[in-house]
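Structures incoming, each one as structure tokens.
Note that chain A is present in both complexes that follow, paired respectively with chain B and with chain C.
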Partner chain A sequence: MSSFIGRRSLSSGISLIGLIVLIFFLSRLTGDPTGLYLPLDASLEARDNFRVVHGLNDPLIQQFGRYVADILQLDFGESIRKARPALEVVLEAFPWTLWLAAVTLFCVTIAAIVIGSLAAFNVGGPFDRLSGMLSLAAASAPDFWIAILGIFLFSVNLGWVPTSGTGTVWHWVLPVSVLFIRPFGLIMQVVRGSMINALSSAYVKTARAKGVKERSIIFVHALRNAMLPVVTVIGDQAAGMLNGAVVVETIFGFPGIGKLMIDSILQRDFTVVLAAIMVTALAIFLMNLLIDLLYAVLDPRIRY
Partner chain B sequence: MQTETAHVLEVKDLAVEFHTVQGRVKAVRDVSFYLDRGETLAILGESGSGKSVSASAIMNLIDSPPGYITQGSITYRGQDLLGMTGAERRRINGCKIAMIFQDPLAHLNPVYPVGWQIAELMRAHGVEKATASARALELMERVGLPNAKARFDAYPHQFSGGQRQRLMIAMALGLEPDILIADEPTTALDVTVQAQILELLQKLQAETGMGLLLITHDLGVVADIADRVVVMNSGEIVEAGTTREVFKHPRHAYTQKLIAAAPGKGALHAVEPSQDGSAPLLEVENVVKYYGGLKALKGASFTLMPGETIAIVGESGSGKSTLARTLLRLEEPTEGRALYKGRDLFALSPKELFDMRREIQMVFQDPTQSLNPRMRVEQLISEAWAIHRDLLPRAQWSDRVAELLLQVGLLPEHAQRYPHQFSGGQRQRIAIARALAMSPELIICDEAVSALDVSIQAQVIALLDELRRTFNLSYIFIAHDLPVVRDFADRVIVMQNGEIVEMGTVEQIFNRPQQAYTRDLLAAGLEADPDIQSARRAERAAHAALSAV
Partner chain C sequence: MQNVIKTIIGVSLLGAAISSAYAAGDQDVRIVLNEELDVVEPCMAARSNVGRVILQNVNETLTEFDAQQGGLKPRLATAWEQLDESTWRFKLREGVKFHNGEELDARDVKFSLERTVDKSMICEVGVKYFGGTEMAIKVVDDQTLEVTTTPAQPILPLLFSTVPIVPDSTPRNEFTRSPVGTGPYEFAQWNVGQNIILKRSNSYWGEQPAVETATYLFRSDSAVAAAMVQTGEADIVPNIAVQDATNKDTDFSYPNSETARLRIDVQVSPLDDRRVREALNLAIDREALRGSILSADVIPATQLVVPTTSGYNKDLKVWPYDPTRAKKLLAAARADGVPVDAEIKMIGRTNIYPNATELMEALMAMLQDAGFNASMQMYDVAEWNGLFIKPFPEGRKPSVLQAQHDNAKGDAVFTAYGKYHSQGGQSVLNSAHVDELIEQATSASGENRASLWQQLFAEVNGNIIADIPLFHMVGYTRVNPRLVFEPTIATNSELQLSQISFK
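So, the complex of A and B:
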């Protein structure tokens, strides 16, 4: 087990290094941030000064060497935009995204499992058809459109929830609901397919021959066997959300990591972009590890 | 003679239909039988005979849709099962009527501990959790699982095939049911394990007095333990009676055919004079194959003469399939030599190996898997000519395919069909035609008839035998049961745990086995004759009693 985690960490570490190199140089290709931060009429001297302070005059390779040396001391550099350590800025935004993802996925998982299982239990029945239609619509709905429609309907017209920002529980309702829709459609379909498979298996036949109640056949015998592919898809969706639900965070002015990254990229705030990528990469690595461990918990035949 | 309510279980005029795309298919028609406590009734039939559907109907296990019971009644102690609600049926399932299945690995839930699964049967019928667990442990001991306590929390994949079937039996016995339905309980097991499981079932039946409904295709199993037998064919009962009556004096043509087809009854092959002076076709010298630390094959040596058939017999894990695969270079040997016409197969260059592959062909166990479902028969057979281009000009392909199809007992017009349009036996004929396409001198048959029904098995063996005489073929015939081999092979090699235990002519192996293991295998094999089986049983009992003293 520990050797598995070790091997996994090593290979993830190598990918992370590759990612840092790639992002560092790619982001530099977007140009010099000086013009974005100084007033249009700033003197050449002031511009030069800005470049020196932020080390933008040095050759790229030297900038990179300095960056790597700093990272090794856990110093991710200063945000140009906020004039604060980049890591601090990122760690401020990250919990918002983490919570948004956690709350959304929790709701998605519960709803998808219950509805998907019940649909699988009576394939072709009215419930299966209705939920199938809804999930297909959900999986194909564009979230920016749903988000704007949601604001228009529930905030502007009905005034039930605030349009954007944070502060109360009500501020969470719209972002979570919008983020919920697509993964729900997808995961419900996976649960349904996987459950149909499990319910037609031989061990379910045995359970019926034993006189086990249908409820425990679905939720005890079939569900645990059906969970493996579901866990994979949930992990995949979670990775997407941890990267920041860019569209939803931007529309709802939600101060998460997606919004932070977009802002930083537009402002060429390179240090923040890199720090944000590293933090999310670490989070995704941990989550994938968690999923692998979850496999072993769900299925005793899987051992690392 | 029998009064209406006297029987514990009674099935009357049962009809089951399946609604398919092609329309309604009657799987079972007018099926009637009864079962009382303490007796064993076998439902004997080949695949598609409706025997399993009949059993599933009793347990309410027919998936509906597509299956519907259209007629008839099933009564348990006078209560009509078909008129009951789902909840009422559930109270009878597992408690009064229990069932075990063919493939215990698939039928045990892979993600729950076995002890939990055994106890679940009792919990489902209201037994309190702690009592159920304690009783589950007792049951595991009772069915002869070694070290039951330590393995209570183990998972199904951690047990052997025979042990898993014991677990299924333990589970079924949890509430001492009146009736145990066993659907092909020993089909997936090795012969010696099969004998143990049948023994266990009989012992438990004697102890609990339950009625046993045995669903099987195996005449030997029926002859061994059934009191009465019902023979089914194409959804109907063609004959019913006591086992001795049906086996000794079959009245229906189908039963007669089935009993005649049972392997292992013909005269033993007279050892054909091994053409003196002619060089052996294949000399296998000390072939060894290790998979990492696993010693699958610990050194096998034998020779095969031209036109000879050698059978390699062994249970699972004996190394027989590894040997075949190694000879074909589908696996690389760890050590050893195999001289085919004097040239070492294991030392061939890729080019030489390519040429050699024409001369040695293989027929696999399951033709459903070994034939590509998306290729027509013509493509399947002619594929080899597309690979070995110099063998046959393209213009002659379709004529040759037609010829081959005729040789294996199919029709030329079958060439344009796909494998799924054929029955299992026909598919195996296609696989044989494919092997013949290369005009090989040696065909290795890996369990080539094991997946087929008995009557089909006999036909395919007859075909192989005929082809041997026509083309002077040699066979290496790999099998897990001895009776099949008896009618067909010249010599027999018995393998166990990666080693050759005994080698000899059929006559030597069957009439004068030297090794204890060979004798065990022979004794465990079931003859389709109730008299022989009961004699053997008595002998075993006497033996056991003797060793107990």
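So, the complex of A and C:
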């Protein structure tokens, strides 16, 4: 087990280094940020001064060397836009994204497993047809449309929940609900398909012949074996959410890492972009490791 | 059935309880800005949203420009006089205290001015308003200071309406995250990503304003921000999109001091021919754009400053829509060997204002109808900057560039140099006469100054035809009916809480 973790850490570390090099040079290709930060009327002298202060006049390779040297001391540089350490900016936003992703995925997983399993139990029945139709609609619904619709229906017209923002548990209802819809549709379909296979297997028939209750057959015997592909898909969805839910964060004014990254890219705030990518890459690496370990728990045949 | 009714009543009551839980107190206001503040540093108050929070609320200035009536009002300075061509004396208000209890004196003002123009700070106010100006500041006594500028600045008191004053205990070489000022509100809290809270100061030297607490929230989606006023979650949204301004009782339009134009690259053929530039202006049906792609409240422009600016030339007329004459002018130019059929690239900037892309598409169609070989391309702001600001790309093709200019400071100097002087950062002009007019006007004062600016605009927009002036733009503000507040031309750069009262 420990050698597996070591190997995974090494390969992820190499990927991370490659990512840093790639993002550093690619982001510099997107242009000089001077014009974005100074007023349009700024003099040529002021523009030159800006470049000197932020080290943008130095050769690219020199900038990279300085960046690597700083990073080795865990100094990710200063955000030009926010005038404070880039890592501090990122670590302020990341917990919001992490919580949003965790709460949403928890709800999605529970709902998808229960509904997907019940649909698989009676394939072609009314519940299967209805849930299939709804999950397909959910998987294809655009986030921004659902979000705006949700605000106008549940906040403006019914007044049940706040339109946006943070502060109380009620502020989480709409963002989580909107984020819930698409992964739910997808994961529910995977659960259903996987459960159909599991329920038609020999050990389920044996359990039925022994008179085991249907609830136990579905949620104890079949579900555990059907979970491997489901865990894979959940992991994939989680990785997407850890990168931030840009649309949801933008519409609901949620201070997560997705909007921070997009704003930083648009503003050419290179240090924040790099810090954000490294933090999310690290989180995704840890999550993938967790999923691999979960495989072994779910299927004793898997050994590392 | 009874259970269903009970459930519905229960959920409704719960909803009502939630609504009241996030409603503001009677004397509190919630203001929704369209983007989160990156910094709260007073010397960055030239950025719209920083200005809306900080300017004259937390940090005051020596003078205050009256954007509606024109002219300067005393604020922290009670009087000022010009001692000679380049030296001004300012007398400070007595008995003014900063929120930290320190007394305001001339040393604080000297500190604030020097900090604002410090090159290592790169303050927006310093870069925007004091580029190329050296200041020597002498503290005469606690309440008096003299400022000598090189070159002479006849509008120094106006320039000082942009510099927020901080105590000399403020960090000298870094941005502060908890600004201290003399204004009617203290900077109480900054919950990054969520809100900023200002609280009324009990030690304010002036009249106590009605608002006790102001909470600033950040929503980039205009529809959501507007909905927040509807649900009672917010009181003012200074900037909503035209399509969200649907309620006459709560939504107010105001001139936002921005002027939209297309900059003509007069140095590149065929745009170096005046007839072609005139044809460009005649090809635009400005009336067709009002109330369709743009708000019906926009005002057709003749020049790059708004009518309340000193130096605005009233004699310039809006170009009529006359495609027939445009075609004749093009034919005459073609006959003289001008390559009028060359492709003219229309360089647009996405989201420079609402419906910017749609406007460019309409303008392209109008130019094509008049016989121009026009094509358009939209750029994001970073790429657009590379085309708008010097140095311009080598071997560039003929182009007109979508731009917008904000001048709410009442003097044309904030427009003229950068846009039209041959050394200006965004100028495509290279005219000795224009340069001379700008230099003369910059060092002149009073009526003579205004007259020289008028001559400049007559030259640039009447004689040379350097632009396709489009419109003086408007913004929309949504205001909760419980408040008394009317947005003005200044709302684009500041939002004074002391101007808000309750019904």
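Note that in this section the second predicted complex is superposed on the first by the 304 of 304 C-alpha atoms of A that agree within 3 Å, B and C clash if a C-alpha of one lies under 4 Å from a C-alpha of the other, contacts with A are read in each partner's own complex, and residues count from 1 in each chain.
Throughout what follows, a residue touches a chain if its C-beta (ideal position, glycine included) is under 8 Å from a C-beta of that chain, and two chains touch if they have at least 3 such contacts.
Here the structure is a predicted model, which is why all the values come from computation and not from measurement.
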**Asked** Looking at chain A, which partner touches more of its residues: chain C or chain B?
**Response** C
**Message:** Touch test for A:T250: chain B only (first), chain C only (second), both, or neither?
**Reply:** second
**Request:** Identify the partner contact of A:E45: answer first if only chain B is touched, second if only chain C is, both if each is, neither if none is.
**Result:** second
**Message:** Between chain B and chain C, whom does A:H221 touch in the aligned arrangement: first, second, both, or neither?
**Reply:** first
**Message:** Quick one: is A:L282 in contact with chain B, with chain C, with both, or with neither? Answer first, second, both or neither.
**Reply:** neither
**Request:** Pick one for A:G165: touches chain B only (first), chain C only (second), both, or neither.
**Result:** second
**Message:** Under the stated touch criterion, which partner chain does A:I5 make contact with: chain B (first), chain C (second), both, or neither?
**Reply:** neither
**Request:** May I ask you to decide whether A:L26 touches chain B, chain C, both, or neither, giving the answer as first, second, both or neither?
**Result:** neither
**Fill in**
Interface residues of chain A shared by chain B and chain C, listed none
**Prompt:** What residues on chain B touch chain A, complex-wise?
**Reply:** 59-61, 63, 86, 90-95, 98-99, 101, 103, 106-112, 120-121, 124-125, 155, 157, 168, 171
**Request:** Going by the contact rule at the top, pick out the chain C residues touching chain A in the complex.
**Result:** 11, 14-16, 18-19, 21-22, 36, 38-39, 41, 46, 119-120, 122, 124, 127-128, 131-132, 174-175, 177, 192-194, 217-221, 223-224, 227-228, 230-231, 233, 380-383, 385-386, 388-390, 414, 417-418, 425-426
**Prompt:** Considering the complex alone, what residue numbers of chain A touch chain C?
**Reply:** 30-33, 35-47, 49-50, 53, 81-84, 92-93, 96, 148, 151-152, 155-156, 158-168, 170, 250-253, 255, 266, 268
**Request:** Sort out for me which residues of chain A touch chain B in the complex.
**Result:** 200-203, 205-214, 216, 221, 224-225, 298-301
